Amino acid sequence: MNWETALPLLIVLSSLIPGLIIFFLAEKQVVARITLNMAAALIKLALVGVMLWGVFHGHHYEIRLPFLPGLDLVLRADPLSMLFVTLSASLWLATTVYAIGYLEDSPNRSRFFGFFSLCVTATVGLALAGNLLTFVLFYELLTLTTYPLVVHRGTEVARLAGRKYLIYTVGGGALLLLATVWLYTLAGTLEFTARGFLSGLDAVHYPALIIIFVLLIAGLGVKAALIPFHGWLPQAMVAPAPVSALLHAVAVVKAGAFGIVRVVYDVFGIEFAASLGVTLPLAILASATIIYGSLRALFQDDLKRRLAFSTVSQVSYIVLGVAVAGPIATIGGLVHLVHQGVQKITLFFCAGILAETLGIHKISEMNGVGRRMPWTMAAFTIGAFGMIGAPPLAGFISKWYLGLGALDAGQNWVIFILAASSLLNAAYFLPILYRAWFKAPPASWPDERSFGKRETAWALLAPAVITAALTLGLGLLASMPYSPLEWVRFITEQEYAP
Amino acid sequence: MTGDIVGIPWIVVLIVLPLTGGMACFLFPTISKSLGLIFALAIFTAVVGLGWQLVEQGAQRYAIGGWGASLGIDLYADGLSLLMLVTAALVGLGVSVYSGAYFSREKAKHFWPLWLLLWAALNALFLSADIFNLYVTLELLGLAAVALIALADGADALNSAMRYLLVSLLGSLFYLLGVALLYHSFGSLDIAILAQRMEPTPAVWSAVGLMSAGLLLKTALFPMHFWLPAAHACAPAPVSALLSALVVKASFYILLRLWLEVFALTDTSLGQLLGLLGATAVLWGGIQALRQTRLKLLIAYSTVAQLGYLFLAFPLGTNIAWKGACYMLLSHAIAKAAMFMAAGNILRFCGHDRIADLDRIAQRLPLTLTAFALAGVSIMGLPPSGGFIGKWLLLEASMSAGQWWWAVILILGGLLAAAYFFRVIGYAFTRAGLTHEVGVVPARMEWAALVLALAAILLGFISPAALELMGIGTPFGGERAG
Amino acid sequence: MSGVFLYALLGVGLFVLGLYALIIHAHLLRKILAINVMGTGVFLVLVALAAGNPDAPPDPVPHAMVITGIVVAVSATALALILMLKVSVATGKNHLSDSTRD
Amino acid sequence: MLHWAFDSLLGLSLLWLAWRALTSPDLFKAIVLFISFGLLMSLAWVRLGAPDVALAEAAIGAGLTGALLLAALARLESIGEAGRQKGSIGETGAHDR
Amino acid sequence: MTDNRKTGKALRLLLVSLLCAIAAWLGYAVLGLSLSHVGLGQLVGANLEASGVSHPVTAVLLNFRGYDTLLEMGVLLVALLGVWSLGGMPDYDESSPGPVLDILSRLLIPMLMLVAGYLLWVGAHAPGGAFQAGSVLGAAGVLMMLAGWRLDSRFAGLLLRVVMVSGLGVFVMVSTAMLLIGNGFLEFSPPMAGELILLIEAVATMSIGATLAALFLGSRPAVGPDK
């Protein structure tokens, strides 16, 4: 159990054990709970940093636990998993601070933070999964641990939203399980290998492999909110803000997209998938989701529902990047995984702050909110412009690479999709900004809580501002050695045959 | 040290211990509770001892009275019987701890002797290699189970106990007629000897039909499941846990043992019929469970569905399929026992078990709810639970055997299980004030349910070792073609 | 020789007759009677075939099995009768009320 | 030849007794018929060369089971009466079906 | 009204035809059995003298397949436990026994005791044995209860329970004792096999008689302070 094998397990345990302990903490033990939460988040970030540095210098981290005769649970740190682990760990820290501030004195916080830590455990486990079996295990765990958070408020609306969430995710999980077993019986192994392990199979299995691909994409598409499986996402917005921020913008949705990336690259292999002819329909489905998501977002008056539909369309950029079979498009898709995460979490933080301090839920109530809360709206504006793809921000870079990749791969129609969706993004974000900055504020806010001279609690404001700054930073300093863009270039070198 | 551990004839100890325990609890009712717990622990260690012995020396055959196979009765212990004994020991220990706090003094006097004699019948049944001896153990099991159901005083408990008794007697008589035909065809009652002399004559075909019908009636496979829901729902909570986890599985064990060795017809059309009945049981049980308004009835119908899974292995007949079915059996037993205990806690706490009004448990019975949730994870077959391993192995077997329709049934069954499970969990999270005074639930009862549920989850991680243990003495035959 | 088969067939006849009565009658006492007749039928099959070859004495093993069977039958009948009485006291009816019949 | 006749006569009467016992309308008569069926059965066991079984059948099968059945019938009727006194919609009488 | 009787009749007809088909098939199967070689008769005969009793059925019942009988004593005990756990039963109306029953029972009961003793003893070398003797004893008990006799409450506590359990208890104790002296479980070494079997049978007879009588009574006898 030397350091090379212990590290991945430690990263997973660093949020599992505190989570289990938090369950047993009484409601009023606030200090203990906060310290435990923060300690867990910081330790995990530190460990991820060490592993990031190690992987960059070629160390090999892997741990195998016997799970089934002939199949093990594998936690392995390869460059692709490091991308998602770093994203999850850093954003979990920010969201923990935010959640502590947000749920100041609401009931059952121990239960909330317990399941919150279990969710991150599942996400990190899913990211570090070394074979499809481990991935499926953590994928199902993610469903089980997010359900109590969706129904946390305990209202009838929350229960119905939870029910719909389950119908989609458990159904998706079942399809994924069926496809995984079928794949195992055909291929004999489920290990993620650089250029996929299916190219060796003889041609008689090709129709079966296509059906398996469809099942896998359907199973993963539920969480990646591809149409027609996206229905649960807008309804899950009934959950408290930290949940919709971390889970429905980062953890759950990205898990689905990350799964599709794994399947296309490390199970089928991009060339083999292209030869099977399954990448084009996937690209079309992703494009349709992008357009559909943006269109639906236009007509939502509730702020969080508009952001939810925006997430539905934004995640499909990643899938589009993967489906367009070309190295540059892959870079665009993968880097968008990080950028979209950071930008969307900023927007959800701001939405939470508005709801918490001013009681604003509808966009129509946001007149002149910029004057009342300048810092929050500044962060919201940076996030919004990032989404639209304005130059200095992170969003621009991923759209830039997606466009270049499409041209390089000869898929010119993708350019029109990107252009159209950017226009639609502008169409549903700019009115919010215009209303917030240029309209006169109403006489009184629906449910205002004053925080002395500061505009809101620092625990809520700080995370939002930090992630906004991160969006700016990722955009400007894209070509720095440790930036996500360089890291993604490091990944794609391995995915494509030299 | 290991010399004498392996030397003790654990097979005999496993039968004598519960018998003496039952008698002791009957003789001294005032201290029957502590006696019962002591004997439960002793039996658990005896099972561990036998397991150790099997690992060291492989399958054990013990000739009672020293007479040998055809004349006397043999006891036989291999991987399959060890699995069943471990299931009985785990669930038994959990139920013993739970019943310590569940029964009033008056009822406990009757519960402990009957429960330990039922345990003796189970152990004797899992270890016997003689088909008439199996008939006697089946009767002992049936009568003890009926008496335990009737412990819950109430019109429908007595009613379902009566119906169960008649069904049990009918099943036993069918089985006995099959035994008579087999004995007079081959002149022996020992399973191993019958397996050698077996040839397909009309008498053997009717014996197969009769014994299978009798055992299927007692296992409550689909068309013959009518008696199970009422019996399991109206019985006291620990008794329903015993019935669903162990008693129903005993007749399945006999059918499996006969099918594997004596009948060896796994790949004929009869296997397909059983698979079909199993599939309908999975779907029918799931749909009925969805329609129930009372929690214990929902769990009882879930048992009908889960039993259907076990029969999916018959048409497949490969080694993986049998191991998958047996693993499903083990994890279902433990998870279902935990679920019934949780339902018992809820019933004692709220005074009713109407699902729609369970919406106050999450905050007031957190341990019970966690136990119910973890057990549910295993029943649904979601990772990381024992149920998942069983489901994975069965899926793998049906896929590699090319009969993919069983895989679809497994997936649909899982979805139905998720549907009726989350319907209950959904209500437990909604927030509503208390409208009546509540019964106190002793901590011991909540912890017993939670520990069993955790065991069901833990089963998900120890499957390589467990599957290897199950393979001692190759009960399922080598890697025969599917 | 033919006597043996005559009794064996009689055993089968009693078994099936008992099964018919068990299914037809709703009154619990009659069902218990039917179970007993079926039991006797099975025992008859067991012992009749034991007297197989006329020259040697009949095979004692089925006799032991039947004696055990008879004692098991009487204990089951005793329990069934008392349970029937309890059901009759509790539900006021002498037959099974199918509360959850499906 | 005589054996064959005796056996077939015994078999037929056993079958007839069983059938009458199971389908006679009056419960008391059914039990009495069942007891006589048990006694005749012990005769059959003797014919089949199984004296032990004959003894057991006579003592337990006919004797004790008969006694249990009659006691149960008597109690059933006393429950029926008690039920009717309380005005509950008990069975009209044990002698039905 | 008529239609469901009609369907009732149709269903009954279907049932009868189905059962006749089953009977025919079973009859055909039974007739197909060739009974020439089969059966354990010779094997039992060969090992008879090692079993300690000369009557084959008793040898099979108590030595060769003694384990069946042990479990079967368990069945009797469970039946009794079940009946007692079902709680009170309207007690058998012990209206004072008529003079005929009284005199008859005074004559018959000692007779029955004697017959039971004889049956027990003769079981070693002729048809008889524990179960037959036990049931005769049970019949004697039933007769006593019919004549209005009830067990004195002083003996209705632990002592009664010991008698009930003694049948199974002694059998198990003797069989495990064999283990301690080096034999296998339930393996009676020939010189003392006869005596051991007689001991087991005697206690079993007492226990079976008491159990059958208690099953007839139906409820636990009025017990003094629960010892």
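Order as written gives the chain letters A, B, C, D and E; numbering starts at 1 within each chain.
Here, a contact is a pair of C-beta atoms (placed from the backbone, for glycine too) under 8 Å apart; a residue touches a chain by one contact, two chains touch by 3 or more.
Since we're looking at a predicted model, the values are computed, not measured.
K.L.:
What shortest step count links chain A and chain D in the network of chain contacts?
P.N.:
Tracing touching chains, the least step count from chain A to chain D comes to 3.
K.L.:
Measuring centre to centre with CA averages, how many angstrom lie between chain B and chain E?
P.N.:
Their C-alpha centroids are separated by 30 Å.
K.L.:
Roughly how far is chain A from chain C, centre to centre by C-alpha average, rounded to an integer in Å?
P.N.:
68
K.L.:
What's the distance between the Cα centroids of chain A and chain B, rounded to whole Å?
P.N.:
Here chain A and chain B have centroids separated by 43 Å.
K.L.:
Could you give the separation in Å between the centres of chain C and chain E, each centre being the mean of its C-alpha atoms?
P.N.:
16
K.L.:
I need the residues of chain B touching at least two other chains; which ones are they?
P.N.:
Expected reply: 132, 136, 139, 143, 146-147, 150, 177, 181, 184.
K.L.:
Do you know which chain E residues sit against two or more other chains?
P.N.:
In chain E, 26, 30, 33, 35, 38-40, 44, 57, 64-65, 68, 72, 75, 78-79, 82, 86-87, 89-90, 129, 131, 212, 215-216, 218 touch at least two other chains.
K.L.:
In graph terms, with chains as vertices and touches as edges, which category applies: line, ring, star, complete, or other?
P.N.:
other
K.L.:
For this structure, give each pair of chains that are touching.
P.N.:
Those chain pairs satisfying the definition are A-B, B-C, B-E, C-D, C-E, D-E.
K.L.:
If you look only at chain C, which of its residues touch chain E in the complex?
P.N.:
Residues in contact with chain E: 4-5, 8-9, 12-13, 15-16, 19-20, 23-24, 45, 49-50, 52-53, 56-61, 63-65, 67-68, 70-72, 74-76, 78-79, 82-83, 85-86.
K.L.:
Which positions of chain B touch chain E when the two form their complex?
P.N.:
Where chain B meets chain E, its residues are 9, 12, 16, 19-20, 22-23, 26-27, 29-30, 62-67, 70-73, 110, 113-114, 117, 120-121, 124, 132-133, 136-137, 139-140, 143-144, 146-147, 150-151, 153, 177, 181, 184-188, 201-203, 205-206.
K.L.:
Applying the document's contact rule, which stretches of chain A touch chain B when the two form their complex?
P.N.:
For this pair, the touching residues of chain A are 65-69, 107-108, 111, 136-137, 140-141, 143-144, 147-148, 151-152, 154-156, 158-159, 162-163, 166, 170-171, 173-175, 177-178, 181-182, 184-185.
K.L.:
Enumerate the contact residues on chain E facing chain D in the complex.
P.N.:
On the chain E side, the touching residues are 57-58, 89-90, 92-93, 119, 127-129, 131-132, 135-136, 138-139, 142, 212, 215-216, 218.
K.L.:
Where on chain E is chain C touching in the complex?
P.N.:
It comes out as residues 12, 15-16, 19-20, 22-23, 26-27, 30-31, 33, 35-36, 38-42, 44-45, 56-57, 59-61, 64-65, 68-69, 72, 75-76, 78-80, 82-83, 86-87, 89-90, 129, 131, 208, 212, 215-216, 218.
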